[in-house]
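Okay, so chain A shows up in both of these, paired with chain B first and chain C after.
Up next, the complex of A and B:
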């Protein structure tokens, strides 16, 4: 099966959770962050779902205190997830089966008002 | 096949409402969100036709959405309000200067007049210079106390009748929890009110009191509104941070928790025999205060005399004895304008406007200065 090429966006303060060197690589020290990452189409023999992406982000992109982002199968409350322009709660949330070329956005409601 | 909107049964659902768990489309979301804010405004009779209303604008998500929605509703429902953007520049490099750039863009985008008042201009001390003097530990106290008064000062400079702020349901619920945990009864009473007499001069209200933060953020996202988000450079408000996390955890289990807490806060009443502080005027600047000298004046005196702990120390009677009058300091002494003077200026502006303009009165703070007929509260629109 083909790998999944995903566009990941972090904004409204969520970008502040990403490692500085990754933000610097992306050319944005401040403001919205957009990354492209590739995930395998299957994880542990099953189709890759949003939950797997959260683990990937936690383990590879988040700076210190990774468990603050995603822990015990739970995304930190207050971070909104938008998949292809829709609130992920409209569909299956963490169980959503990722597709090639999906865009997944993380918007923080916890930062600055 | 995508899920359809539960309201119009027609378009693709893009949002699950935290309040109702309904899955709805973009257009229906705009409609219900705006209508709920409109209902909040009308049901609570927040404004009167002709009111001069300042939108407390930080450039952040809440106040940006508030400015957009206020402008939209004012036009759609013909409220007859004069809207202004009012921003406070605390003087925090790398934080507020960036967010004020956003407010300046909002001014153009929404064609609303903008007034920025700065701590430096009002008090002689920017937050950067205060932090230099007091360190990072207690600086939030200064910032909070100064902001409250700065908004009133700015509002009087514009002769406003009313200030609206972007506080949303999540903020109100958080504040209720914090005030309960601290046993702060006067604040508990005030924080649940949708409109308060402010600190004496200008009415303040929260049109987003019942709007969930998630919906405000999603509204800004779908409308692609231009807002700024970052953390304050100085120490975050740790106590509020815990209350916020706690509230978010509750919300995850039970989405109505936020409105439930607001309801609880509203339902709580202070027993008759509890002594509440009596409001009076600060003898130095005229600001409303339950003490002889208001908190802002006390803090400023501390800064100017080089004892920044003054007004912060736990013992109410932090002594000034033995403290040298001149100390190393980063701010400058400015002649603060007395509130009576600001009030007088505002009255004069109002009188001048009414003389030059016969057909419009009148705001709720007019108090009969201009002889025109008051057209009453905004109801039944």
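Up next, the complex of A and C:
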């Protein structure tokens, strides 16, 4: 099986969760962050799903308090996951089976006004 | 000479008239508060005056006479008279909404004026709803403006919101957003929700046409330290302006029923992105939602400040990281240290003042001889810090920031990681400095 090439985006403040050196590599201090990462098509013998991606992001990209981002099936409150332009709940949420060339975005909810 | 005198006289007159207008409006609002009958016309006809006034909207097929009558016969509550509420209420009044309610408990501050465009220099210190109502009634006598000068909470929300056709969430904090959402669900009112921070804005319509409510999307509130507000992180004036205008447009679409044809979505706006807008397709109402689901567990308004761990106050919390009071000095005490250093012979290593704010804030204002190392860079610049501290020969380090919060983290870092005991926090930071020591120091 082929690997999955994924585009990962972080915006509206969600980019601040990402390690400084990764942000610096992508040329941004604040503001939309876009990365490409490759994941295996299967994880533990099963097709790779959104949940596996969350674990990958937690272990490889998150700056501090990694367990706050995703732990015990719980994603950090206030973060929306968008898969190919749709709220992931429109798809199968954490169970969504990732496809090659998918774009997965993480957006922080804003409270100010 | 004569001309200049007249100019000064006219300027003075305008200034006092502007103040007087606000006073008159405040008294009028109070007197009219308990008159239940609307001052705006109702029924299925527009007056000739209204036809003339709204003629440019009547000409659009999507609005027309029927749409304009719907706007005139509808009532909208705008919660928050700030950066979002200002443009939103302004356009709702100008487009001909019949009754417009405003809720805000705050008073106008000069730091509001760059984005809260209903307010003026004259209204600084005046209640926001009085200031907003003054601007709106000046614009249109056809709009019945109702002002609620209160902090919306679980005890008064339903009473204030009941009877309105649409509610606009133009608030600035998580607790009030959950409160307004839950009350809208319980009262069956569509909610037009907007938010803006820094350079980004978001817009969603909740609790409408089978779509989600705020809790369907965000069942759990974010950690209090993870939320950004305008007074801490800043906001470009026009960003809430853009979102507030769009909120007014969404209200028009709901009132004229055009919105029924649309699927639930989240609109994202950014100053940086090209194009500036993006639409995200949202889930429908969640059957398991705690408030709008099939078997709700939240059936009455709760304590939202406890639920979110933070209240609606725009003020930053005061941290107490340093348990030992000896590790903190007041601004007045630091002022004495500063003067003693000035008087000592030049060349003596008096002390090190370490300003730990980010570079953007440091550029706004700083105390004399402050060395800027942002707290976020402490780990990366540990070697540099170590050399600075070791070069002091035991002289003290004072850490300062905007409010005396993160400077406590800096003191902990220097004491624990660099093992340098002569390190103290300037309690209250530069905000306290301006208040206690130097009134001429800029506040931001």
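Here is the rule we use: the second predicted complex is superposed on the first by the 109 of 113 C-alpha atoms of A that agree within 3 Å, B and C clash if a C-alpha of one lies under 4 Å from a C-alpha of the other, contacts with A are read in each partner's own complex, and residues count from 1 in each chain.
Heads up, the rule we're going with is that a contact is a pair of C-beta atoms (placed from the backbone, for glycine too) under 8 Å apart; a residue touches a chain by one contact, two chains touch by 3 or more.
Computed from a prediction, not measured in an experiment: that's the story for all the values here.
With chain A superposed, do chain B and chain C clash or fit?
Chain B/chain C on chain A - steric clash.
Contacts for A:12 in the overlay, against chain B (first) and chain C (second): which applies, first, second, both or neither?
both
So, A:103: does it touch chain B (first), chain C (second), both, or neither?
neither
Looking at the overlay, what does A:78 touch: chain B (first), chain C (second), both, or neither?
both
Superposing the two structures on chain A, identify the stretch of chain C from 44-52, 368-376 or 422-430 that clashes with chain B.
422-430
Taking the two structures together, which residues of chain A meet both chain B and chain C?
11-13, 30, 76-78, 80, 82, 85-87, 89-90, 107, 109-113
Tell me, which parts of chain A touch chain B in their complex?
11-13, 16, 30, 74, 76-78, 80, 82, 85-87, 89-91, 107-113
Would you mind writing out the residues of chain A in touch with chain C in their complex?
Answer in residue numbers: 11-13, 20, 30-32, 68, 76-78, 80, 82, 85-87, 89-90, 107, 109-113.
What residues on chain C touch chain A, complex-wise?
Chain C reaches chain A through residues 80, 82-85, 170-174, 177, 194-202, 217-223, 226-230, 233, 235, 240, 243, 266, 268, 270, 272-273, 279-283, 286, 376, 380.
Within the complex, which stretch of chain B touches chain A?
3, 12-16, 23, 58, 60-63, 98-99, 166, 170-171, 213-214, 217-218, 221, 227-232, 244-245, 248-249, 251-252
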